[in-house]
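So that we are looking at the same thing, I have put the structure below in structure tokens.
The letters A, B and C name the chains in turn, as written, and every chain counts its residues from 1.
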Amino acid sequence: MNTVWSLAKVVVLEMVRRKDFYVLFILTVLLTGTAGSVNLFNDRSIVRYLKEICLLLIWLSGLIIAITCTARQIPAEREHRTIFPLLAKPVTRGQFLLGKFLGCWVATGMALVLFYLLFGLVSGSRDHQWPVLNYLQAAWLHWMMLGIVIAFTLLGSIVFAAPSSNGTISFACAAGMLLLGRHLNKVALSVAEPLQSLLYTAYFILPHLELFDVRELIIHDAGLIRWDMVTLATLYAAAYGAFFLFGAWLAFRRRPLN
Amino acid sequence: MDATLSIEKLRVEYRSRDLGEATKVAVDGLSLHVGQGEVFGFLGPNGAGKTSTMNVLLGFVPPASGTAHIFGVDVIEPIARQRIGYLPEQTYYYKFLTAEELLRFYAGIFRIPKAETERRIDAVLKLVELDHARKRQIKTYSKGMQQRAGLAQALINNPDLLILDEPTSGLDPIGRMKVREIIQRLKGEGKTVFFSSHELGEVETVCDRVAILHQGQLKTEGRVSDLVREHSANLEQIFLKLIGYSPQP
Amino acid sequence: MNPVLPLALALATAVAAGGRLLLWQQSGPQDSGSLLTLLLGESRRAFADQMFLKADGYYHMGNYPSVFDLALPDGKTHMAKESEGHDQHGHSQPLPHHRDWLEAFGHHFRPTGHRHLDGIRDGREILPWLRLSAELDPHRVDSYTVAAYWLRERLNRVPDAEAFLREGLRANPDSYEILFELGRLYAENNRDVPRARAVLELAINKWIHREAAKPAPDTPSYRLILGQLATLEEQAGNLDRALAHYTRLKHFSPQPDAVQKRIDEVLTKMARPK
């Protein structure tokens, strides 16, 4: 565990010292600020569209940070050949993968904390409400969802030969699942047979990232999500994360490095 | 067998991704034994298979056949690497870390206690003369400084066996001398050093024994003094002869 | 160069464009159409639909049908209908039935239950989306009429509603829908009978011009305009005009008896000596 944590810390440090995060954060602040400064029928108390825009930007940024950070880890280690002195030390391939996963996940989590603080400020300054627990639930679920994304991006960075395509593929898969995942069963209803079974299978097998997207609840000031459901969702994410990590380990375990 | 490092009938192959392209045999039937406390020079022209052999020793590439053991442990096991220091042939270290942070990171992997870590970092940085730049990010280092940082990381766990792939490449004459001194000092401490090099003069001065590899096959192996006596020539001449190089008329 | 970044940048630009548009709208709505055409081309209409759906979604507090739900039978937005004042639209609360466990689980993470917004606080929240929808597709008439309905009826901001409708009318000079909303505003809020009359009569002309020849004309709208006009005239004391409009309305109404009752009332009033 010590080894895994050491590896993770380096990933976090890298993220802190790179500019990607700051660019996205500033972009989010600027765009939200722009949208917030718009005068809508002279009514300053209109706030939900602002929450919507801010959350959309946060979700986009979260995906970008998680995927770019993860997708470059292993290719960069190989390209810069830093993987050689590292794996020449008593580190198993499994620990290496776990360390990379943990690092990316923690780094993304840190970014989310800042993003959700910003969101709380934006919405609170208009609304004068501070539903801290609701935001906590939303950020937590968001983080869990990104855990799945990070795990499959990590798997992708081992499976796909061209490292640059992995980022795009992962982004497209995650975005596709977020937008369409919930509807695959309905789409299946409307198509003919061989395709129908296929779509249903996909519906039940693929990780439903959109479950973790509780933006609507936040925007419309709905109540808290039941905590047992949050726990279940967390377990759901853990199961998929573990599954993808296991796949990554299988693929990487005996992979020659050269 | 009490050899620190033993290689038996090792064969290393690179399978090509493209269909139709033949498998490349990089090392073929190599057997080598390095005893404790020896400084062993691993020689051979470019493409001979030196790095490939080391890749097996460190578990990067699985052997196609044959075995390799370090301290009696099969190199497949990660624990075999606890007492090794490895300097790769060419590496860029994590550019966004400082030398200090890099070493602290590696020390963490070896589970070296905190106080001990700081003590060793001071020692190895002084040894490779990077003390003045320890708080600078590695991306600001020159090539030679990076090579020194590499040497420092190879020494951080106070290893009993050092595997160095061309440790002097990219260093200035003073740097080279320094590396030679370090190797000699490690030998004095009873450590085993296994290193590849193209600097035959330097090999001659520091090595107890050498092996010469050519096209994946072992051409000769023995004490430098014995080889010199046997062939009645210096190491360079022996080397050229063994790899079948005849000077142009 | 990581390929995710340009992709993300494109998305961010789209969002940014959205924000920019809102700003643009404030400074001067006149020639924004051309900028948008340039920016988004034909896709802007699709975006406008999305914005309108978003407004509908806000109206239902986040629980709104997706395109996929709409494709299934019985899926329809009805925020616009609401704006016509028919508050008694009868979607009986359907018991949440889930096709599978994933849907059942998912319902804990999304707004559920058919809840409409009420009160001033919630109502105004749909306005940014309608404005954006109108901005993206100025020929989408619903955006103006629905927004005007909310501004006028629920938020009591008649001048804003009028300005927005006028803006819609500039983009859609032939829209009897907008003219009707405008007429209603003059009649009910401003009590400006001559203007209301002028606008509503114009609406009728536009309707006849556009719809009358169609095989399936939009008679509900026609009835609404006629009814509004008839009531206006009746209240203003122009009973013979009111009578003419009611008679015409009766011809189109699915409940001619109810209209006949109004006609009888007018006739009684007319019989009454001054």
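Throughout what follows, a contact is a pair of C-beta atoms (placed from the backbone, for glycine too) under 8 Å apart; a residue touches a chain by one contact, two chains touch by 3 or more.
These figures come from a predicted structure and were not determined experimentally.
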item: Minimum number of chain-to-chain touching steps separating chain B from chain C; value: 2
item: Dominant interface by contact count, named by its two chains; value: A-C
item: By mean Cα position, the chain sitting nearest the middle; value: A
item: Computed distance of Cα centres, chain C from chain B, in Å; value: 78
item: Mean-CA-position distance for chain B and chain A (Å); value: 41
item: Junction residues of chain B - those touching two or more other chains; value: none
item: Interfacial residue positions of chain C with respect to chain A in the complex; value: 1-5, 7-8, 11-12, 15-16, 18-20, 22-23, 25-26, 54, 57-58, 61-63, 66, 68-69, 71-72, 99-100, 102-103, 105-106, 108-111, 121, 124-125, 127-129, 131, 151, 157, 160
item: Residues of chain A defined as touching chain B within the complex; value: 2-3, 5-7, 9-10, 13-14, 17-18, 80-82, 84-92, 161, 254, 256-258
item: Residues of chain A that touch chain C when the two form their complex; value: 27, 31, 34-35, 37-43, 45-49, 52-53, 56-57, 60, 63-64, 67-68, 71-72, 141, 164-165, 167-168, 171, 182-183, 185-187, 189-190, 203-204, 208, 210-214, 216-217, 219-220, 222, 225-226, 229, 232-233
item: Interfacial residue positions of chain B with respect to chain A in the complex; value: 14, 17, 55, 58-62, 78-79, 81-82, 84, 86-88, 90-97, 101, 105-106, 108-111, 137, 150, 153-154, 157, 163
